[in-house]
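Right after this note come the structures.
Presented sequentially are two complexes of chain A, the first with chain B as partner and the second with chain C.
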Partner chain A sequence: MTSSADHLPGRADPADGAERDGIERDGIERDRAVVTAPAAGTPEEPADGRTAARGAGHRPRRRLWHTNWYAYLFVAPSLFGVFAFLLLPLLIVLGLSLFHWELLSSPSFAGLANYRRLGGDGETWHSVWVTVLFVLLSIPAQTVLGLLLALLLNQRVKGVAFYRALFVVPWMATPIVMGLVWTWIFDPRDGALNKLLGVAGVSGPDWLTDPSWALPSVALVNVWQYSGYTMLFFLAGLQGIPQELYDAAATDGASPVQRFFQITLPLLNPTTFFVTVTNLVGAFQIFDTVYAMTDGGPSGSTEVLNFRIYETAFRQFDFGYASTLAALLFLLILAVTLAQVRFFAKRTTYDLS
Partner chain B sequence: MVKRTALYVTLVAGAFVSVFPYLLVALTALKTPRQLSGTEPWEPGLPPTFANLDRVMHSGFAGYLGNTLLMTAALTAGQLVFTTFAAYAFARLRFRGRDVLFWLYVATMMVPSAVTMIPLFLIMRELHLVNTWWGLLAPYLLGTPYGIFLMRQFFRALPAGLEDAARIDGAGPLTILLRIVLPLSRPALGTLAIITVISSWNNFMWPLIITSGDDTRVVTVGIAGLKGSIGVDPNQMTAAALIALVPMVAVFVAFQRYIVRSVVLTGLK
Partner chain C sequence: MTSPRIRTIAAVLGAALLSTATACGGSGDSGGSVTLTYRLWDDQQKAGYQKVMAAFEKADPGVRVKIELLPYDQYWTKMTADAVAGTAPDVFWMQTSQFPEFVTKGILADLGGLKLDTSKYNANVVQSYTYKGKLYGVPKDFGIVGLLYNEDLFKKAGVTMPDKLTWAPDGSGTLLETARKLTVDDNGKHPDQPGFDAGKVKQYGFASWNHYQTQWMNWVSSNGGKLVDKPFGKYAFNDAASVQALQFGVDLVNKYHVAPPAAQTNPPSDKINEMFKQGRVAMFPANNALLPFVAPGANFKIGIAPMPAGPAGRVVNINGLSEAVYARSPHKEAAMKLARFLSGPEAQKIMADGGYVFPALDGLSQGYLDYWKQKGLDVSPFLEESRGATFNLPVTTGFTAFENKLNQTFNDMYLGKLTPQQAADQAVHDGDALVK
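And then the complex of A and B:
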């Protein structure tokens, strides 16, 4: 099972590819073996125009370029899903953000009133700030920790597979369940953390009820959950860097620190990009952990934007304004993702294939 | 030598922190309330008791577990079937609008799920599907753009010769897909199945919003309901957590190497 996974996309063997070129048909161009992960920003277009032109001399090929009616049957269910449950909702959310609508009354058009309200809504901007703070508390920590763990595991360690597996276990933990478990670990009196600190002679704070500790505690759980996941990608990235580069640098007298900053880090750029984009998009939408651990409190110190959207819609039933907040979250995530694309696009990436 | 030791100490410490909450769940779920107050959290309670698990199962969790299993099975089956068909069409069939549609699919992968919760709820409300199985399943039953993207990449990397040979022998598209392509696609289907099983099992926000009765309540929502105003009862909470976590841990142990590979290949989260 494991060995056959080698044939998953992104791992295509170059020799395999050369062979495939010979039997390419229907003008469908062979995919370049790129990282499949979509967030890595490679929505490559099938270059049909080009291949069609190339096959222009072959009459039979051209004749094949007709529409297969059954293709629509194949696509129809998922197409319905994409329209009904992704595109339509997106349009609805943007549309509803222009309405006043508290579920029991009927919606009334409000123009930009919700957005004007948003401008002066200090609590929402506080939520945005809390969200950004949460991201800043968790993303750098889990990226650095993930990279460190990967560097450690990349040193010809005995039992790599074993450690790697244990580090990944938190990633698949049900967030709402682990949120409750961590709430108990953080319990000031009976929790494992303060009892452990007590053994060391330290009296721990009231983690989740102290406004200055609550958000870092929630962020810590996020770091716990996703550092191992981040490590996996860095480890794969590290293993793709050819040893000769390090050997050559060592011959030239580069110190280990220089080698890390001049070789390792630049060559990991695509991995770093992918990992930070996915982790950021996830962190901006954090909900389950907050729901389980703090319910937005104490005194709003963990009230992240997604939690506020939930409260506005499903506890206050103000669906119009909640849609405005959802539109804000959408724009925030979009802006941050695009900023990252630009940031990493400016940096050179090296093709090692 | 010192360096080596430090390396292993760090790794062991990291591994311990990773699994500690799981250990705590297992230890606490098997303690009596008396043992709970008489021991440190990291000590086992002897002899272990199954009373907490028994109590939690009888307080509704047997049903919630059944619902989670049903939801996970339905969503995984739906994802595998509909994703396979759509991805195959995008990878190998020619039809008008294919490229535009595929571009659209890729674009929708950028829509955060948090943003679509409100409108999805409103759509289900309009269709009178709130608090029904259809409402719970529908948004995720027809395959996700992400899964389609993944499978399409895989199909395109398969050699086309076999399919061509089958076509010359007079096989129709359905036969080719089912008899030739799918048997070659086990690794990709396995990856897709694992992504879907884990994300369905862990799903919380949508079930929380769309369901309210015991008939459709899943484990995640059931556990969230244990959180009272005066805090949680650790025995009860960890017993419920054990029920929620054990199946996923079992899946992980069984497919460990495979899952690790799938994560790297797909970036599933």
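And then the complex of A and C:
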């Protein structure tokens, strides 16, 4: 997130930046007031991240080091984390992808052999397709649902704090446990879902053992789990839009629908950007839910790329090729994220004054 | 929505690198007291092994043992990483499906030096850990598949468990007959009665589902089929006898309707376990190691019977565990002492009397029987089976890699989407591709 914010337009002007920082902080204050206890930590992260990135960007380098060395001291622990647990493993994985290494035997240099193998590996490309399908099934639904929930829960209604917390609960649950509970719900004979459909006179499908239903079922669980989480961010975004804009629009005679499409949606772009990037990355990396619900089946219909990586590394112990697959997933996510950055770069303003 | 597995890869690699670095500074057997690491995966058995190790330390005051418990789903990953890094524990549990991988890579020490009298141990367990004529694991215990049944359901239906259950590919034999009597739909009809509704079954007579260890491998073996052509060989379960046997397992579900549909029971679901515990399935083949997990929570009386005999007699799965010594252990001498102790009657008796396992050493099973008798269970059919014909899980390389694919293919078979011949051909093809 932080690095992608560097590419956003309008960063060069320090004055402008300082002002925006001020607003950003205001936003945080407001977020704090709104969000209920269980989630209090979360909405700050993106805002803080952006502020930090910007602050580092628009001062000359030398001066920064002399006056702000203590700042580096403070970020040192997390920088260490980034190096030790992010960059180093990434480099190791990229390096390993150039080796033949079945654990328990010694690695041998393979050059690009693993990548050539990837080219002709139909099963992996099938997994890529399954992953893309999964993303398409879950992300749009999750985003729209999250936004709708946020609009709904942005009202001043009694007990709204309770509902906000309620919708975030699925996100806090362990995916493995969630997966298990959902397999009970999806059970074709005794499951709650088909029992309910039965009352309505519909005979439900074999959700998890029918290859055409398994992936949508897993995606449904994912949507259910992350919509509330997505809502949190939209809620924070909504609170950051100044009321004056709505007042002015209302004075000009704009209808609620117009206000939504002309003010709310465009000004939510920073949030939408953050939410779609992080959710998309998450969806590309989906693993636990698949592991708990279908183990990649039936007939490979839920065998997402991350699941194949797991299979290759921990069931076949072929770490060289697993690293190659991990590199492929990394590149895929990078490409999609860059595309999103470009898309939102032209359409986003952080200046809400 | 982060991916813990990917982070695990990184962590394992990091740990591997770090531990190689530190391992260089390790110490040897330099007199004084030595501390060995002993690794296992069963938290119930850990309690038993604490007593075993206390006895060992008493007998050999120069050696201390640290017991390390790793949950099963991390055990082999960590074990593999440790073996790569050269820091595996001195003595650890080994199981048949992992043995080929570890022994062919030189991780396990040859135990010839212990000069064990292998004729005193369960022959099957000994054979499972013998590679090229040498023993690479101290025979520890065995688990065996038997038939658990719900005595209350039998009583209610007025059915008694036949003295000998039999099955045949054509549907004759006492197993199917008994299972039919115990299968009832919402209107009280049995599967061989007119008007039986297979879509609305209240109670099933038998659990037939896609589980290799307790299900289809037993059908195959008791019909004269073979799983692998020889130890460390290729898969062979697509011959005529095997396919016939597979067909029977599927027929129990889709043709005779005495077992719940595969859409409910296919792995990774553990629905069938639940259904047995809820009293909705009368007969349930299971390994005796499952008893501590099923027996305490059951609200009905559990009976135990030997598995049904097929045309080739009764042939059931036996799964032996062994204690392996790490070939590169810095305390090899002490590790061998511990291995010797674990092979002896004192250690194995503690484990038997605690009701943990059937020990691999002959003559100690009474302790296990007594333990369970006290809990109201007669487990002697398991023992009786172990004295008859048994078979092993396939002992060949690449089984871990094959397992999930095999399950997926056979899931389709139990759903009726692939014929047993198609499924077996495909599985054998996939499995052979992974044999090295």
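In this section, the second predicted complex is superposed on the first by the 264 of 353 C-alpha atoms of A that agree within 3 Å, B and C clash if a C-alpha of one lies under 4 Å from a C-alpha of the other, contacts with A are read in each partner's own complex, and residues count from 1 in each chain.
Going forward, a residue touches a chain if its C-beta (ideal position, glycine included) is under 8 Å from a C-beta of that chain, and two chains touch if they have at least 3 such contacts.
Everything numeric in this text was worked out from a predicted model, so none of it was measured.
With both structures placed on the common chain, the touch criterion links A:L149 to chain B but leaves chain C unconnected. Within the superposed three-chain model, A:L104 lies in touch with chain C and out of touch with chain B [touch as defined at top]. Once the two complexes are laid over each other on the shared chain, residue contacts for A:T294 go to chain C alone; chain B is not touched. Look at A:D206: by the touch rule set out above, it reaches chain C but stays clear of chain B.
Of the two partners chain B and chain C, it is B that touches the larger number of chain A residues. In the superposition on chain A, contact of A:P188 is made with chain C only, not with chain B.
In the superposition on chain A, A:F314 contacts both chain B and chain C.
With both structures placed on the common chain, the touch criterion links A:V223 to neither chain B nor chain C. Once the two complexes are laid over each other on the shared chain, residue contacts for A:A283 go to chain C alone; chain B is not touched.
Once the two complexes are overlaid on the shared chain, A:A326 sits against chain B and chain C alike.
Contacts of chain A with chain B, set against its contacts with chain C after fitting on chain A, overlap at residues 84-85, 88-89, 92-93, 96, 175, 183, 187, 190, 282, 285, 287-288, 292, 306, 309-310, 313-314, 319, 322, 326. Within the complex, the chain B residues that touch chain A are 7-8, 10-11, 14-15, 17-22, 24-25, 40-42, 82-83, 85-86, 88-96, 98-99, 101-123, 138-146, 148-150, 153-154, 156-157, 159-161, 164, 173-174, 186-188, 190-191, 198, 201-202, 204-205, 208-209, 220, 223-224, 226-227, 231-232, 234, 237-238, 240-241, 244-245, 248-249, 252, 256-267, 269. Those residues of chain A that touch chain B in the complex are listed here as 1-2, 4-5, 7-12, 16, 19-20, 23-28, 30-31, 33, 36-40, 43, 45-46, 48, 64-75, 77-82, 84-90, 92-93, 96, 149, 152-153, 155, 157, 161, 163-178, 180-185, 187, 190-192, 195-196, 224, 228-229, 232-233, 236, 274, 278, 281-282, 284-285, 287-288, 291-292, 306, 309-310, 313-314, 319, 322-323, 326-327, 329-330, 333-334, 337.
Contact residues on chain A toward chain C in their complex (touch as defined above): 84-85, 88-89, 92-93, 96, 103-105, 175, 183, 187-190, 206, 208-210, 222, 226, 279, 282-283, 285-288, 292-300, 306, 309-311, 313-317, 319, 322, 326.
By the touch criterion stated above, chain C contacts chain A in their complex at residues 1-7, 9-10, 13-14, 77, 80-81, 83-84, 101-102, 105, 107, 260-264, 266-269, 271, 398, 400-401, 403-404, 407-408, 411-412, 415, 417, 434.
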